[in-house]
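Both complexes below contain chain A, partnered by chain B and then by chain C.
Showing the complex of A and B:
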């Protein structure tokens, strides 16, 4: 096929392509970044290895503990329009009434009435990467205990939280009318997530999309989390591959002792403090060849669907469980990056 | 602001199916009432009915009888009269007949309504009178107010009251004004306490309620009522309307199955309503699109946004008055200052209120509302555009079928959604950035089949931008599909590129004239813009040349290519933009040597237009020396003249392969064609040969053998006339403009710096 060479244009033009976007509006800037994203490999070729606790000091350890060891379903979320941290109380009342009305179709309820469920909005102070990141917040649905006893704890029905860790690239492109919390994590019945998501979409003109994690990003997670320094390991490092075949797909699980995994990582790792694309590829290739030597199966031809380490475990469906308090921010930073990529 | 607009509930749509299509039953719609002035001048019934002369006497008699009847009722029952029942019956019959036939004038209704509710007569009579309160055209608001005042006196029975409310609901659309009635809102609201009246009052309130009627204390009353009587459909409907106006006060979600919220109040008057509507027919108001939408009654399926992709239009009352049960003073002021979306229904309204428009809570809903699309189009408010951008980008991404591996049986939803977007883009004559971003992301995954027509239409609406930037993201990827797909795909791509070119040209030609006024989103120089367009044209030229080779010079494909160049050749004149780009030789010669006369004709037309454009450009250059930046290089003129010489050499002077296309005479000899010089002129050219034969057969039908070489001299010009008469207009224009009619025909090139 011919190579295409644009002939010299007929009118003598004086401007270069850069001249097109001198007075670009934020929308144009968005488009620009989409163009950049679409034209190159989407992820930067190198990332920092998560450092020891980057949590701010004022963070409530009880709340952090609450977020760990739970399975969260991930969503990306476009910026919230006219969201205000000073109105959290009002939001609870509205969302509460909304949920009650949705659950009892046809029965009108007054906003602010006392219901058998309770909605609590609260901020997760300090849960941020930089000072520019907006404050993370938590939404909880509690069912009120019927027992009069003052010791009775309300039962948590559903939990969801919104956060933004190192979201600079997104923050730059929106005005102050918007609050950027691109990562949303939910735990609880999906019907509840749907009701609550609908309320947020209606109220703040935002958009939730399920955030899946592809095999490429799972490999990155595997490498970055293996690279983390741990005092003691709480779980084996495990990979799950899926072979699409009928009638039922075949899953291949590959568990490694975390210290062996770390040793393998240390052998491929060169740049201190950073993880590069080559290192990730090399790390995975080593695993593949090891597996092939023993089982004569080319794992590279299958699909990586789950990665579990002592830091966290992630499933391609967009499910995550964070185990290690120390690297919470590091894990969330990468998830925020993926969420931002999805909404760009 | 018009007070006569009402919101109707979509849930009650069932009623429509009952045959009556009165305004009220066009539920889910806001609507405008008949202009009362239309009917003010009709004081007597029947006058607006065109009647023959011989019917006129009848009418007159009828009218007199009615006057008497009305007079009779007005006086009240005459106690001593012997045949009182008979008289009463006679007058009642008269009124009923006239009412059901032609309707009653508003004055007559005024009087009779008064009588029916004042309790002068017995219950049976009142009922009969009420049942025939059918307006000729309209009912005056005053009559209704007066009638309502009788309800307070307590002279009429419960059943009469019910009938009155049913009548009021049924005739609601024919009441000329509603302001005074709305002032009685509190009275009606209080009547909810009456169990028997409650369903009808609910319906009336449903029709009457405006945003300002929704107050916290009323919300609480309604909720108390709900607690007392349970989930009654009529109450649910009213509550959902309250929620629509004040989501900060009340929350309700209607069950999906439920469709009928009010029992048909009109069934008593079904035929009469139709008749009134017919009489009122005139500039009938458009039923509007806004609704208490399906979003409110949406089932929660697995997918959140399953029922409708596009959100329903709701004003942003949530965020505005969030949580404030008692409205603050500033809220009140703000509210009076802003124009509620629910009332927006005409372009002039949009213009008058554009500065204080309440925006929808979900910006995506504008896609279904043409007025708000106008707003989106001209507003420079960044948050508005950003909200729309995010919504559309995410929705496209979420809905896109080929993103989902196992989800090809998605049905029509995605194509329909794309169609809606394309309709909006066509309406605005402008592309959306979200769509462009979507194309970048989704093109590498596209199979070229799925939603092809929609996808390519989106391509044609890419907003104008730098070609070099878009090329690697879009055109190079599209080219891969282009070269590996069928000829039909190639043609579709060329077609959409033609539309893209046209959209860019339109945009640029507008932009040049607008520039001093608006702040163009792209701060480009004209030169830069022209450069971008010219690159696009060259790119399509390259695609076309290669495609012609791949498809072995398909005539079908060539048509689409020439269609593209029909746009290209006229840029200077049609769009007033300083650009002339010629076609590449691969296209020109393929067309010139085509076996299809229509191709050659199209080529002639394009050459003719190129000539016009270049001549015009030349003329302008001579007149104004200032715009020197856009002087076309002499190369363009040379190229054109070269093509022209070839064409005239082939078609006209029978001297091919000399000046234009040069082929070594030795090679030509080797072909063995004896008279190659003639073989491409208008007579012998393969695509014209059949015309030449038909022409000769027409001249002398009995001839057994035809000799096409005999067409020369005078016959040559007859033959030309014959060709022109066969619809070859392009050829005609070309020959008229480019061939010198002298003894020695020669090509008429464009003088370019004395080089020709």
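Showing the complex of A and C:
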């Protein structure tokens, strides 16, 4: 689109970040006074910066280490009907039989396929926000080793886990027969995810749907994760934008030193312990104006598709990788909120 | 800096002029084309502008309606709209301004929360309509525009 190459004739976004402080507040003050009279307009959300919740202390870092540094595909899941934590062994057996049956349907092609698989259901202790949240549980498909030697470890082919962190808004609306675990994360072959999804849907009358994360939520994640206090940073803070142009879309990647990002966030942040919509917008606008000053490209006209920080990285297609166990619960809490919103 | 005023010119005989303000040229063009194809009691003129203020050198008829087109996929279009609103006289907002939000259907592409435009329309006491101009590009050939329920209070 040639409109982006033309020099800006109208005084649009000013390039100095300080101007946003001056420009933002009078408008916000006016809006606040208008809003006081008519309160049916929903107020912008405020969210807590993910802190280490006290329940996190119960979680053994060793036990959840396998959840970190893996790319998970996100799905939202409606409540499970008549699911019981005491029947996990039975579910393992049923699911094992189901998978073998499904795989044998396509037997003509894959004769040498390894059918020695083992399905394990297990609970993940401590992966919850409040005591009301149901226990998270994990499903793993392991390949039974053919060799009869003693020190062989079963190879994990596929992992999926269900959890609910601070899911109060959903828990209040469902009856006793239902177990609410709205967030499902899967790692492994897509075919296995499909088979397991079918089994769960048939057995517990629930519905999976892929959880996409839009640019608005990605910018919230960027702000919240930059706000997290870290002892040392393991990755640079990186953003990826997709420019809608024909014939092929263009990708713009912007990497910042994580300490610079934190410094920028600290200068924007006002209320301790809370993140507001204005702060998120201001944080992103500072990045956009900095980029515009150097490259004359309006990033605000493009679509944010990926955010990567030292805490976690997320892609708009619903893929997430968590890098820091300290803020694991915080990241999952926000994802649970998105999943619940999608269900409702 | 010229400000658009609603009554600074005489009205044209049996004509109505609509000004579409928005950043996405292709969408505005398609919207204008489809509007002109519709049957109108009086003669309809559509002007397109990327942003306000309009250049004062051009001789143009009196603007009867301003439509601000906000693309929910692009924060830039919202910022552009907010900047342009400063160049509109307050008396325009007595029914001669309308906000059109496009792209709400593709939730995964949205950069702006729907509440932001609702708040904007509420602040300026003007109606807000949702539409899907990208899908509407296929409908333009049939002369109709796909619109959703208006987002009024």
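Note that in this section the second predicted complex is superposed on the first by the 283 of 344 C-alpha atoms of A that agree within 3 Å, B and C clash if a C-alpha of one lies under 4 Å from a C-alpha of the other, contacts with A are read in each partner's own complex, and residues count from 1 in each chain.
The rule is short, and it goes like this: a residue touches a chain if its C-beta (ideal position, glycine included) is under 8 Å from a C-beta of that chain, and two chains touch if they have at least 3 such contacts.
Here the structure is a predicted model, which is why all the values come from computation and not from measurement.
By the touch criterion defined above, A:214 lies against chain C but remains apart from chain B after alignment on the C-alpha atoms of chain A.
Contact with chain B, but none with chain C, is seen for A:178 once the two complexes are overlaid on the shared chain.
In the superposition on chain A, contact of A:298 is made with chain C only, not with chain B. Between chain B and chain C, B contacts the larger number of chain A residues.
Shared-chain residue A:198: touches chain B; no touch with chain C.
Within the superposed three-chain model, A:343 lies in touch with chain B and out of touch with chain C [touch as defined at top].
Once the two complexes are laid over each other on the shared chain, residue contacts for A:316 go to chain C alone; chain B is not touched.
Residue contacts after overlaying the shared chain place A:94 against chain B, while chain C stays out of touching range. Residues 1, 10-13, 30-31, 34, 38 of chain A touch chain B in one complex and chain C in the other. Remark: chain B residues 219-220, 222-223, 226, 231, 236, 239-240, 242-243, 247-256, 258, 295, 300, 302, 304, 311, 314, 318-319, 322-323, 325, 361-363, 382-383, 385-387, 389-391, 393-395, 397-398, 433, 436-437, 440-441, 465-466, 468-469, 472-473, 483, 519, 521-525, 527-528, 530-531, 534-535, 538-539, 542, 545-546, 578-581, 629-630, 632-633, 635-636 touch chain A in the complex.
Those residues of chain C whose C-beta lies close enough to touch chain A in the complex are 23, 25-26, 50-51, 53, 73-77, 79-80, 83, 107-113, 115, 118-119, 122-123, 153.
Within the complex, the chain A residues that touch chain C are 1, 3, 10-13, 30-31, 34, 38, 40-42, 44, 212-216, 219, 244, 277, 284, 288, 298, 300-304, 316. Note for the complex: chain A touches chain B at residues 1-2, 4, 6-7, 9-17, 19-28, 30-31, 34-35, 38-39, 78-79, 81-82, 87, 89-91, 93-94, 97-98, 100-102, 105-112, 174-175, 177-178, 190-191, 194-195, 197-198, 201-209, 342-343.
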